[in-house]
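I have a structure I would like to understand better, so I am pasting it below and will then ask my questions one at a time.
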Amino acid sequence: MKRIGVLTSGGDSPGMNPAVRAVVRKAIFHGLEVYGIYQGYQGLISGNIEKLELGSVGDIIHRGGTKLYSARCEEFKTVEGQKKGIAQLEKFGIEGLVVIGGDGSYMGAKALTEHGYPCVGVPGTIDNDIPGTDFTIGFDTALNTVIDAIDKIRDTATSHERTFIIEVMGRNAGDIALWTGLAGGAETILIPEDPHDMDNIAERILKGHARGKKHSIIIVAEGVMSGNELAEKLKEKIALETRVSVLGHIQRGGSPTVADRVLASRLGARAVEILMNGKGGRAVGIEKNELVDYDIIEALKMKRRADKDLYRLSQELSI
Amino acid sequence: MKRIGVLTSGGDSPGMNPAVRAVVRKAIFHGLEVYGIYQGYQGLISGNIEKLELGSVGDIIHRGGTKLYSARCEEFKTVEGQKKGIAQLEKFGIEGLVVIGGDGSYMGAKALTEHGYPCVGVPGTIDNDIPGTDFTIGFDTALNTVIDAIDKIRDTATSHERTFIIEVMGRNAGDIALWTGLAGGAETILIPEDPHDMDNIAERILKGHARGKKHSIIIVAEGVMSGNELAEKLKEKIALETRVSVLGHIQRGGSPTVADRVLASRLGARAVEILMNGKGGRAVGIEKNELVDYDIIEALKMKRRADKDLYRLSQELSI
Amino acid sequence: MKRIGVLTSGGDSPGMNPAVRAVVRKAIFHGLEVYGIYQGYQGLISGNIEKLELGSVGDIIHRGGTKLYSARCEEFKTVEGQKKGIAQLEKFGIEGLVVIGGDGSYMGAKALTEHGYPCVGVPGTIDNDIPGTDFTIGFDTALNTVIDAIDKIRDTATSHERTFIIEVMGRNAGDIALWTGLAGGAETILIPEDPHDMDNIAERILKGHARGKKHSIIIVAEGVMSGNELAEKLKEKIALETRVSVLGHIQRGGSPTVADRVLASRLGARAVEILMNGKGGRAVGIEKNELVDYDIIEALKMKRRADKDLYRLSQELSI
Amino acid sequence: MKRIGVLTSGGDSPGMNPAVRAVVRKAIFHGLEVYGIYQGYQGLISGNIEKLELGSVGDIIHRGGTKLYSARCEEFKTVEGQKKGIAQLEKFGIEGLVVIGGDGSYMGAKALTEHGYPCVGVPGTIDNDIPGTDFTIGFDTALNTVIDAIDKIRDTATSHERTFIIEVMGRNAGDIALWTGLAGGAETILIPEDPHDMDNIAERILKGHARGKKHSIIIVAEGVMSGNELAEKLKEKIALETRVSVLGHIQRGGSPTVADRVLASRLGARAVEILMNGKGGRAVGIEKNELVDYDIIEALKMKRRADKDLYRLSQELSI
């Protein structure tokens, strides 16, 4: 393999830039040429492609977002779109592709793989919901953005002795809610993987009040229900005025943490090694602190689970 | 005067703690005794009052929120409630009171003044909407919390080439929107003090697109309309998908900036000096970098205006 | 076991507070009583001991430093001092002890164990140099404090096209230097575990200059040599003006990151479980994402190694 | 005037980028062309000059350092060097120049003025030591960087009950030390403008200890003496172990605060207005919240003074 490509796709996440940097520098270190595809699969179809040099990825390791831009692309979900993409790759002489992104991006990589084109998926999303890896690139940064918000809201919650409901990202995965809830000392955490019981939630709050606790924080993953919906439901149970905060898009931004930069560097470099070894159709990840890679089609079938121990611990420590 | 009291009231703001610290230490430095009234006017009525020492305000200068707690209090809006408060102050032998808070708190201080009780108001609110001062305690911290969020959202806006609407606090005052809009390079800023024209806003965005600008940021103060309402109205004008972010309660929290800690220290100390001089019924502030104080009843009649020059500048620089 | 104690010892690290909180709440959740020993082993000898309740550890999860204070204690290195400590524990009816700290603290725990007193060590230090765990509590926060400083210094290095030498903590362990060097895009990283070659370092810098790189960053762990010493040595090799920055004590402070709060919560809770199971003389840790525990005497004999792969990767990516 | 230039010079400061952005956009808004001179006066002499467009200053408002680079330049201190610079300006048809920087940069602007070339100085330095303005661009950001470090060090100082000496920037001006000392609750502040008395300092510390204060923080501006020297001198007076932290170059970096971005925008735009009005030889500033401008030669003769009131206040509040 002499020439590879790299693209970022789907919702951006902090750490995509160091991942791109690692792909480019690792490849050049080993004598390969690297092409950047801009705007994800959409740029792949339209040929928005450019050669990258060492300097192209200078001074980006600490930047949020993605220098290669990202986009959603309906056309690439069709066979026709995929073929256009492969035609572009062939036109530029690109023999293998690194795709950095979330599950939608992996579906694109899977399609390319099924067309016989060598592809490696790198898990880049804040949601930590990609199978085949314990952690995704961007998750750690998002956690710290959320905790910073929780710590700020706690100032107000404490001063006014109020109950706050904080809605965080996570459609199918409760990892952001779970980790930040534990780290933020939240009294209650609602995640999509676990059934919740409004009576039980109300009871915990009342018990806290009885014990003299004057403020409390409830974290809800958007996949369970919205913060406002939860406030309504709570009101039906107990006479408690709550305030709702929806953290929203700030969770995707910010300079990546050290953990995310290191993870991105390791996974990006490993993706290049796999292509150099002539392999495609793989998804890289980190499990039990070791780099791993799986067949991308198999990986997409794996199931992720919420960490039951962490959930139980959060309940024991927030008594 | 031998013994004074201090309370915080209304929405909390970062810098209330250094203001309380300054009141306590300045008073003790000059040989006075200081009593803290907890939970604002509500605690005043119920007698939730305690003597404070130098150590009571140790290690709070950098903390958000207020160590004295805050609360809204309907009862204190009545003459009866006010008389109960004065009775408590007399019971504890407190001869003068420093009130730290926003316009609601000033109304309480005005009432006490009208009853002949010596009171000094210190402007503590993030909204920068108190007359008689160029800046309120907490405004600078809130600005930096908002800009941090804008910078994070810009990562995503840039990566996805999208238009974001960011709703910030400010019911009657557009200062937070104006300063952060200018500092965040926002294309459009909507403030309550200035009429807006949806056609003009739409046109600016289209012009930016024509010039190659691929993302843009619109800041709207909550007093104009909600972010979601603005998104709807824009949609009627141009075929443009926008994302909305409502920053909400994080704007009230966080460790106070240096500017807020210094302002709080200066104003808190000045309030004590005024009481020591036997004066009451005053509101302290900073104007043109100098400490000032006004009759609190007169101050409440003054009009604040948005900074036209700043608004014009923001428009010139965001072309 | 009905009553346990907890202390923090040695250099403080961010995350000690959530670890103490976890010990206290986990214990109370399971019906135990918990006593806090202030000022580490010194307070143990002098009996600076107090019962802790749920509320004693409220509002500390996000605070740097340690609420239990820390201190170095020569006397506890003697058998006599250790016996005094055990006498105090017996006096208060404390049947088991959780010790949170670095290697010096572990030596104390080992001594208590050898006297037959049940003790569990929890690794709390920013240096990541405790055997029997992949990560210590405080390491992740320190990494992010250092990277924040590196990112700031890079602003200046880039603007002035200069070479900066940044000295970070790490007497025997290069983990802080290695992780932040990789995450900060440092051209050169010097760690105690690896021999360095001044000629090679000089050559890398010159090669970078030849390639058009106008600024560079060198990270040196204090255990290798001081930043100033390195600057002197480099000057002998090449005519290059460097600036030195010694990060120093800021590395120990700050609000703990989510990763550190979660790790602290898990390890603190696990330590209590071990004592509840009637075991002592253990050290808890996390390896490959799983909680583990070792005989504390055996653990102290284990060897930690620098991560060769990470080091090699940092060299490949900083070409 | 049809075409103007802009350069940054001397030590970089956060806010130089928004100042450059404001110069460029304000000028283009009014129909002027703008040229950027890279690497300060050195680039002026060598002709490292390039036309800037609206997009050239996109996405830099939040960045530390300076996109135009900076450098010290001995040659520009000579009349010959200055004439070379003017020749370059004439060659590019640049009719007026905005110089952003500290006192060294102002000397260059003064020289150009004396040669009859129209020049406007914009105060960009963290030290707040430029005459003719209450605040310089970068000062507010540096204050918040320093306070963040002080807050971190306080975690450790509190946990270990120790005295810390923190050395901050400021050769001739003590503003950084004074503001951060007040905002950080420092017991003692040493500034170049004020004589210090070692006996008095020692006494204050002992008095604090007597009162039960277990840790203390001393801030010293580098212009008084180094942190290590102060530690030595204190040791001669009292048996007190201190720790020293030299904050160094991190003080120059970081994303500019809102106050600095707004100040930079206002001053940069005003500098363009002055050139548009056909005036040169001016220095812009902000005094009492109003934009002002002075003859640059007169400005350089003005004296700045430390704020005595702030100093006294810091002493009263740190009892």
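So that you can tell them apart, the chains are marked A, B, C and D in the order they are listed, and the count of residues begins at 1 in each.
Methods note: contacts are C-beta pairs under 8 Å (C-beta built on N, C-alpha and C of every residue); 3 or more make two chains touch, one makes a residue touch a chain.
Note that the structure is a prediction, hence the values are computed from the model and not measured.
Visitor: Where the contacts of chain A and chain B overlap, which chains show up?
Guide: Joint contacts: the list comes back empty.
Visitor: Counting shared numbers against all numbers at the contact of chain A and chain C, is it over half, same, or under half, different?
Guide: same
Visitor: Once you find the CA centre of chain B and the CA centre of chain C, what distance in Å lies between them?
Guide: Computed from C-alpha means, the inter-chain centre distance equals 40 Å.
Visitor: Quick one: chain B and chain D, Cα centre-to-centre, how many Å?
Guide: So the centroids are 28 Å from each other.
Visitor: Go ahead and note the Å separation of the Cα centroids belonging to chain C and chain D.
Guide: Between these chains, centre-to-centre, one finds 35 Å.
Visitor: Spell out, as numbers or ranges, the residues of chain C touching 2 or more other chains.
Guide: 151, 154, 158
Visitor: Which two-chain combinations qualify as touching?
Guide: Per the contact definition above, the touching pairs are A-B, A-C, B-D, C-D.
Visitor: With touch defined as at the start, can you tell me which chain B residues reach chain A in the complex?
Guide: So the residues of chain B touching chain A come out as 8, 11-12, 14, 16, 39, 63-66, 69-71, 145, 149, 151-156, 158-161, 164, 243-250, 252-254.
Visitor: Using the touch definition from the top, list the residues of chain D that touch chain B in their complex.
Guide: 18, 21-22, 25-26, 28-29, 54-55, 58-59, 61-62, 134, 140, 143-144, 146-147, 151, 154, 158, 179-180, 182-185, 211-213, 255, 257-259, 261-262, 265-266, 269, 287-290, 310, 313, 316-319
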